[in-house]
Amino acid sequence: MIEQLKKEVFRANVELARHGLVTLTWGNVSGIDRSSRLVAIKPSGVDYQSMTASDMVVVDPDGKVVEGKLRPSSDTPTHLELYRAFPSIGGVVHTHSLYASMFAQACREIPCLGTTHADHFNGPVPVTRFLTPEEVDAGYESWTGKIIVERFSDLNSTVTPGVLVAGHAPFTWGGNPADAVENSLILERIAQMALGSIQLNPDIPVLPMHIQQKHYQRKHGPDAYYGQKKP
Amino acid sequence: MIEQLKKEVFRANVELARHGLVTLTWGNVSGIDRSSRLVAIKPSGVDYQSMTASDMVVVDPDGKVVEGKLRPSSDTPTHLELYRAFPSIGGVVHTHSLYASMFAQACREIPCLGTTHADHFNGPVPVTRFLTPEEVDAGYESWTGKIIVERFSDLNSTVTPGVLVAGHAPFTWGGNPADAVENSLILERIAQMALGSIQLNPDIPVLPMHIQQKHYQRKHGPDAYYGQKKP
Amino acid sequence: MIEQLKKEVFRANVELARHGLVTLTWGNVSGIDRSSRLVAIKPSGVDYQSMTASDMVVVDPDGKVVEGKLRPSSDTPTHLELYRAFPSIGGVVHTHSLYASMFAQACREIPCLGTTHADHFNGPVPVTRFLTPEEVDAGYESWTGKIIVERFSDLNSTVTPGVLVAGHAPFTWGGNPADAVENSLILERIAQMALGSIQLNPDIPVLPMHIQQKHYQRKHGPDAYYGQKKP
Amino acid sequence: MIEQLKKEVFRANVELARHGLVTLTWGNVSGIDRSSRLVAIKPSGVDYQSMTASDMVVVDPDGKVVEGKLRPSSDTPTHLELYRAFPSIGGVVHTHSLYASMFAQACREIPCLGTTHADHFNGPVPVTRFLTPEEVDAGYESWTGKIIVERFSDLNSTVTPGVLVAGHAPFTWGGNPADAVENSLILERIAQMALGSIQLNPDIPVLPMHIQQKHYQRKHGPDAYYGQKKP
């Protein structure tokens, strides 16, 4: 089971780099095995070119390494907070992808300006608040997870599968590591589109709600008809 | 005949991805055989890498699948509306290409600012209105086609081979699937150029009409002299 | 001699596409043999992938085809005007490269904002005026050349190896076809840099003249010391 | 030793081009052997494709060539000034990378707007002043180095491993040539992100200092825990 998860997480990390979402080692993907509560994650600061599936690090819910010779990603505590708070997710991705990070740095949520966005994120992509000095001292990475969860106190992590951490960069998630990577790519594209649309019309209104809902539902609702029937 | 059309449509879909106009599965090309009135189109939500010509789905003018094991693109009803209203076209393309979608999301037509535009689109690239809630309920995809056709009530689909659907993304068309793909690429490039020109000069005037006409005519008019003689 | 020139022109056309300066067939390179006054140029509307050296078309100073089965580029009369007016040039390039065309469409010259520019273009990259309806009728492509030459009445084509045609796109030139292609790439890069710098500072001043001159002279002046000694 | 350094410098130059930071020959990397005080540097104006390790030029602290058949980069005196003033650095890189050069041309420092920046540069990326006419005459390239050093009179070259030369382009450095190249890539990415963030919010505040410090320290401080333990 864990071998399978490590392969999945490895492949998802490779895919993340292949999509051009990663500069140097600025990105990491993890996946969770909900039965054993073990998480496999990319090792910290390791090059995407030289990495293999066996380099993936396995940690328990407290972040203790249970398998692997390398240190896990320094962002592991953030991933663990997300798995704890969002029980339906199976994979988490963190990148510093360019356009999503532009919005994160500007502390601006990404409004839903079109159907590309509405197809995948129900409502705007939210931004967290900044961490306080006390929170940074108390555990920077776990508190990064906590302020994401705080931001989602009135949001649904299933229909909004990502967030911008203020002054930092995006986190996305999904049912498994591959889906989380796909959401990371989608977020980057809608960020780039939104930047251009805002430049063309600084007072741009959001997409009318009846169209937002239609697009989200045709892909993700109970009567979804986009794509092929699930086997 | 249909085998030939399926190959053409398949190749045009591959070409669309090769031009960088497609993220994930956000794009589809169709082609029509005017004698049998059958349309071949990309299957819905299928990956461009694994797709083959035999995966293309053939539908009749009402959208009923007459050949193929997969579901057709969810945008099929939009394509069918366009084939019905524009009798001279042989191929239709839908993408969420980045720059054209920026204009679509900003509900701004692309003005003709230069000869790159004038060479291929006669006049601005128009934007549709938004669908009403009633239209969305009555059939989102076919109504998307209907508001495109409505927008062309006083436009000529032959000299303006594309449109921006408000809050959504572009549709283009052409004499055959390959030409429709080419128009999709051209639209993306003129959108990118226009964005930059507008940023350099927010009050930019359109290209003088005598130059617009000259460029369009030298490529597409009765005395066109661009390119090689048609054999 | 002409065989050699055709090869050179062919290779320069390939290089132009390799640099990403060409979409579809929007670009052409020519070269001149000053002794015979013959010009080799890309055929009109032919795909860069399928083109060979033997497809290059050879024309005399009046534009009459003296060798080759295909039609020459429709922009041939523009190239010929430039060869006539600028006796020191050996190659001409026309593209619709994205960033240079943004400035051309905005009818804005590219000011010299930095050393990248100053290294290669002495002073701003100028913009022509628009053609009048009469000039368009009298011969669009040759008049495009004439207004470029008119714009250079008080400029030096050797130290300013390129121009933006208003509402259209750039032309560049050089001592031979390869140099003209290099100038086309340089122009595209300085256009992109200038757009960003102008966005960061709309009232940006030009680079101080003593630095402009220093950079141009260290590369192109009588005591140039950039690069290797010419053999 | 020098053979090893030449290989390192060669590989770093190749890497610089591979990262897309170089157009034509606009970039150079050098490395220093602190024991012999010899510097290996890219030859001037030589193509990245045809270059080999044996083409690297070795100069002494006065810039005299002690090994190699080609001329060293015309920017060699700038590199030498930096090695003289910053005793802890082992590699220097100069590029005209697009986004960093946009800021250099606009004479705007890059403010620390996010953690991507804070992870690698402690505080803003500074801009130099312009050279005076007298300084240009007295030795353009060595004075370029001197005004960088002047700018760092109250800055720490270890925690701020790069600079923008006003109206010109960036220089970066590091413990060895490969690190200097990495800092060049990082600078380009944070410049691009900053441009977008500034466009989204022209009055954007800098990242709160407690987060800036946390990010810099977790990667570079005495208790750094990012990446793997050094062997």
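Here the chain labels run A, B, C and D in written order, and each chain numbers its own residues starting at 1.
Throughout what follows, a residue touches a chain if its C-beta (ideal position, glycine included) is under 8 Å from a C-beta of that chain, and two chains touch if they have at least 3 such contacts.
The model shown is predicted, which means the values in this text are computed figures rather than measured ones.
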(request) Spell out the chains that contact subunit A while also contacting subunit B. (result) none
(request) Quick one: compare the interface residues of subunit A with those of subunit D and tell me same or different, with half as the dividing line. (result) different
(request) Compute the rotation angle for the C-alpha superposition of subunit C onto subunit D, expressed as a multiple of 5 degrees. (result) 90
(request) Using mean C-alpha positions as chain centres, tell me how far subunit A is from subunit D in Å, no decimals. (result) 32
(message) I'd like the Å distance between the centres of subunit A and subunit C, where a centre is the mean of that chain's Cα atoms.
(response) 46
(message) Can you pull out the residues of subunit B that are in contact with at least two other chains?
(response) 199
(message) Building nodes from the protein chains and edges from chain pairs that touch, which of line, ring, star, complete or other describes the result?
(response) ring
(request) Any two chains that touch count here, so list every such pair. (result) A-B, A-D, B-C, C-D
(message) Considering only the defined contacts, which subunit C positions touch subunit B in the complex?
(response) 23-26, 43-46, 70-71, 74, 96, 98-99, 101-108, 130-133, 136, 140, 167-169, 195, 198-199
(message) Using the touch definition from the top, list the residues of subunit A that touch subunit B in their complex.
(response) 113-116, 182, 185-186, 189, 192-194, 196-197, 199-201, 204, 207-208, 210-211, 214, 218, 225-229
